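As written, the chains take the letters A, B, C and D, and residue 1 is the first residue of each chain.
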Amino acid sequence: MKRIIPMWIAIIGGFAMMLSSFVPLAESAGEMFADVFNVVAAIAFVLGAGSLAKQHLEKLSRRDAGWGYSIITLGSFLITLFIGLGKIGIHPNEQFPQAPYSGSNEMEGSAFGWIYEYMITPLTSTMFALLAFFVASAAFRAFRAKNTEAILLLVTAFIVLLGRTFAGVVLTGWFPDWASGLRLENLSIYVMQVFNTAGNRAIMIGIALGVAATGLRILFGIDRSWLGGGDA
Amino acid sequence: MSSGNFNNTNASVRPWFERLDRIDRRWIFLLMFLAVAGPILWIGVTGKTLPEAPTLAARAVFEEIDHLPARTLVLISFDYDPASAGELQPMATSLVRQCAAKNLRMVFIALWPLGNQVAQQTIQDVIRDDYPALKEGDDFVNMGYQAGNEAVMKLLLTDFAKAFPKDSRGEATSNIPMLKDVKMVSDFPLLISISAGYPGSKEWVQYVISAYNEKMNFVTGCTGVSAPQLYPYFPQQIAGLLGAIKGAAEYESMVNASLAVDGVATPPKYLQAQRRMGPQLVAHLLMVGLIIVGNMIFFARKRRGAA
Amino acid sequence: MTRQSKTWLVLGAVFVALLVARGMIGQGLGRVYVKRTDVTVKLPEAAVNNAAGAPSALASGSTNASTTTAATQAMETPAAASTASSSATTISWQEWKQVTPLEFNAAQKANPAQTEITLSWPRTIGLWLAAFFTLAIFSFLYADNPFYKIAESLVVGVSAAYWGVIGFWDTLVPKMFGALTPGLVKSLVQPSLVAPEKLQQISMIFALILGVMMLWRLLPRGGWISAWPLAFIVGVTAGLKIVSHVESDLMAQAAATMKPLFVSVTDASGATNMWDSWWASVANVLLVAGVICCLAYFFFSVEHKGVVGGAARVGIWYLMITFGASFGFTVMGRIALLAARVEFLFDDWLWLIDPNHFRGL
Amino acid sequence: MRITHKVPRRIFTNHSWKCVATFLCMAMCCARVFAFEISSEMSESVAPVTQTVAAQDIFAENVLAHNAPEQDANAPLVEPVNAATNFNSAATPNAMPERPWFNIEKLWLLLWIVFIGGAVTVSVWLAKSGRPIRIRRIAALEAVDNAVGRATEMGRSILFVPGIQDMDNIQTVAGLTMLGRVAKTAAEYDATIEVPTCRSLVMEAARDTVRASYLSAGRADGFSVDRITYITDDQFGYVAHVVGSMVREKPATCFYMGCFFAESLIFAETGNAIGAIQIAGTAESSQLPFFVAACDYTLIGEEFFAASAYLSGEPAQLGTLRGQDVGKFAVVVLIALGVLASTILVMAPNAAVVGWFLGGLQKVLGG
């Protein structure tokens, strides 16, 4: 019973939503679901926060290796939560001075804004910037002419990379007009227009069918592994 | 995250390619950092930028605007927000500068909520600061943001004033002198979109340009992420395309060259894209070099293995 | 001392020495200046009586927390003004906007005693912290180390709370509380709130029930009920995505592939341009063949042998070309990100370069 | 792989009646809609007629466009049709003042879904009735057992990252079904599996899934909730934690299954540096190049959605894969016909029948 009811909830919800896409009157059902989902996700944050607190408190109480870092995580979590939820130091919005909480947490000069600008932004954007290093090491290691597939991958990446720089333009810019299609920058546009379009199109068609089949497996009750059902 | 530790004891016995293949990847990281930091420092200190050789797609943007007669109406749509300003602002600045210098009449619109803000900023930086003779309402007008994404585009097909009933100052569209003869979007011979995603260039092509391909030309500047999706439309529907900071730099160099005055240095705000291309060039060359070295190792080892 | 810690020590020492040296020359190191503006806002007549109690609760917190330089003045802001005299119908506070060092220098030149533009200690400290974090994350490229661990622990704690706060103020308050307790939200948060529709209210009650079911897990008994909202979400997602993917991916992409294999391109004079026609035709042939071959690769119930096998092999080639091209195109964006961080270090923090002429170099 | 199941021939099994019932419902809806279309065309004579005329005009324009000197013939045939129809509907917004209960413009979309649903249903039914199903080898999935076994041998853990999106993304759902399979294998091999998640709801769903997998493997005692944790909703905050713990814990095997964005390469390169076996699967086509370059095995797009069914080895699930193939075959045939028709049309612009045929094909695909 504990698995049958959720399965039917999914089936009914899914088919109702599918049909609503075709009924003009219910066209906003998708948006409404998005709202409902966002609210549920926001409420479920309590569960995530609980898990976070639990793992670090356990680490602390066990005095695991690196428990000091758990203090940092927990402390920064609680402080940020307190400042943000209480809108500490936020003055009301100029348009609505009568509403004490009308100010935005993101406003310049607020404590929450400070945390965002000087902690979250540098930390996350530097993490993002690590990618520049990883593309280099991945290119060095993986782009080797081991077989036909690897050669195609490598040669295309090479052409596009070179075509994106001034050097590529200088290298092949002297090609006469009738062979202008072979200039690196045009070659990379050609690759994008033909091969990339073809590949992406097929991937998208495949994904659409894959999504449809996955969805139908769920809606027909064939696949219940997501339900914690293991095998049907 | 130390990768396989280099074994020093018998390093000298190994052939060069084996040593290079087992190179600690941290050396690659260091090279990458230098490839980016070096040019930034060099360009920052000397103020010089690297040369650009404009590609076909960027040249087309410049020529589309360049061949228009003075006083032509141009519709410029700001479809991005400050988050993608790093890539797109240099394009917007140069596009508006070229239009202002050519004395075209510019109509600004925004389909992104924050697009109006970046449009205002661009108008301030380029038109008000450097072309103070241009008058709002006669030579340019900012119609502000209009919600509705493609719905706005569809409305523009039939009725411009309905889509944008007033400008950002609050002036009714019917009272704006330069818009007197504008009924619908096809009254603009050129449409420019600076686009960071949805709604943007792709939607302009699908809803507006395909309907008026003979009457209107369309040029666009877009982020690196969306450029691959737009190339299939070039040059049929999109007459000119600026992709990412590279396209911006190429176009910027063309505009600067066409407006250069002897003895006067180009202000830094018109060099943003070319400045940012410095680290790109060196880092791309590094990547190309790494791929070549990687394959030299591969083939050297293969030959050794075969011998 | 191990070799690694020696390396760290030497690197650290060299770095600090360079930093001190940099601080001695030129204009020094990164600082942030702010400009103060006083804001006075009139309370709407009707609101004065209603809200008189509420703002005072917030009063002590209404200072601009990060700019403590002026905390003493700021302490006497909103509520102080509105509670001091019952007839007061205005509230006021101070705002601090960041300005360039150039503006600070100009203001100092004009009037050395000015207090309008000042050095902001909280923001300057923030700037240095940000620089420290940037370097701490970069240090991970060398090896895992305590600096990275500090940065990691901090970013996890801060960002988890950040998204929780965003979820509360940007989703729960306007959407759920706005629909269920519009009066409260109107008086405290968003006076411009539009009265919720019936349907909206029903959907939010539904959401609340689902949310409570999720939280039931925290109770010792009956946690199984949280499977219901999850099932609802999964089912509805499946239903929605089937429709949207079939429409925008399958149908639209297939329709776009129906291209003629033979095209004739005519130039301005009306004559057929053989060369261009040939290229355009080849492009279309390659495109159509590519789509079909790639689809052949994705066939599951047919062994990749014979014709299908050949087509699938060509399909894989197409996919590899696609991946190579995407890889090459993405590199530019990634390097731009690194360049932005390096520019932050060199420009905002070390004041080594000044590309935007903020310091008038 | 060749799976032959000898299942007793029972037509109305538990699943089939459900599938058949839902399929019948959908078919009935379509039939009703067809009837609606006919009756609406009969009653509202004005609007439909103008629309047909407009459609013909567009078509004529289209053919003209191919011969017009300044128009490049390479221009996609589809977009002008699309846009022009949209233009028409925008120009005459009041053609249908009342909102009908069915959006007639989406008729073909509904039929496509019914078609795919029907193909899946029939395939499942055939599979259940004992027809042998052949499924081609998917290397990445063949490697799953070995990869899990390796972790047990090395005494290290398995890392499973179910993407960075929430439960309203179908890729996350597909990732979780995959997690169910991997967790079951891990439970059988007695390997530990760590699942850091980026969303609270995903954490809860993953806990349910893994718990059930351990249960069905008969190792309920081996399950620990604490190995499935919430980190942070922030993309790069999450990445910072995961790569940090990767270099410290050094998992022997890493699975990346779900929706990924820029972090794909950070994970894959870090995993590579610690020498882990890496199996990735995503439908995010912009990230596939990075997984392909840096991981040992990658499930590309549709393969990722097929993974869970493939690993289950159940006839019903494998049947859905064949249903997918039927859909793909239909697409290939339609594309081939469309290409043929438009090619003929270029060579002989006056072939009205072919033009009409092509128009029909476009309509089938929502054009």
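Here, contacts are C-beta pairs under 8 Å (C-beta built on N, C-alpha and C of every residue); 3 or more make two chains touch, one makes a residue touch a chain.
On a predicted model such as this, the values are computed, not experimentally measured, just so you know.
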Set of chains whose contacts include both chain D and chain B: A, C
By mean Cα position, the chain sitting nearest the middle: A
Distance-maximising chain from chain C - centres being C-alpha averages: D
Chain centre separation (chain C, chain D; CA means) in Å: 28
Approximate Å spacing (C-alpha centroids) for the pair chain A, chain D: 18
For chain A paired with chain B, centre-to-centre distance based on mean C-alpha positions, whole Å: 24
Separation of chain A from chain C, taking each centre as the mean of its C-alpha atoms, in whole Å: 11
Chain B, residues touching no fewer than two other chains: 1-2, 25, 29, 32-33, 36, 225, 228, 232, 246, 280, 283-284, 287
Residues of chain A whose C-beta touches two or more other chains: 11, 15, 18, 21, 37, 40-41, 44-49, 52, 120, 123-125, 127-128, 130-133, 135, 137, 139, 141, 143, 153-154, 157-158, 161, 164, 192-193, 196-197, 200, 203-207, 209, 211-212, 214-216, 218-219, 226-228
Set of chain C residues in contact with two or more other chains: 137-138, 140-141, 144, 149, 151-152, 155-156, 158-160, 162-164, 214, 217, 227, 230, 233-234, 238, 241-243, 245-246, 250, 254, 256-257, 283, 288, 291, 295, 298, 319-320, 322-327, 329-332, 335, 338, 340
In the complex, chain A residues that touch chain D: 11, 15, 18-19, 21-25, 27, 34, 37, 40-41, 44-49, 51-52, 54-55, 58, 120, 123-125, 127-128, 130-131, 134-135, 137-139, 141-143, 153, 200, 203-207, 209-223, 225-232
Complex contact set, residues of chain B against chain A: 25, 28-29, 31-33, 36, 50-53, 55-57, 228, 231-232, 234, 246, 277, 280-281, 283-288, 290-291, 293-295, 297-299
Residues on chain C engaged by chain B in the complex (per definition of touch): 138, 140-144, 325-326, 329-333, 335-336, 338-340, 342-343, 346-347, 352-357
Footprint of chain C on chain D - complex, ascending: 67, 69-70, 72-74, 76-79, 106, 108-109, 112-113, 116, 133-136, 138, 167-170, 173, 201, 204-205, 208, 230-234, 236-238, 240-241, 243-244, 247-248, 285-286, 288-290, 292-293, 300-303, 306, 310, 321-322, 324-325, 327-328, 331-332, 334-336, 338-339, 341-343, 345-347, 358, 361-362, 365-367
Chain A contact footprint on chain D (complex, rising order): 15, 18-19, 22, 25, 29, 99-103, 106, 109-110, 113, 116-117, 120-121, 124, 166-168, 170, 173-174, 176-177, 180-181, 184, 199-201, 203-205, 208-209, 211-213, 215-216, 226, 229-237, 239-240, 262, 265-266, 268-269, 272, 283, 285, 288, 290, 292-294, 300-306, 308-309, 312, 314, 316-317, 320-321, 323-324, 327-328, 331
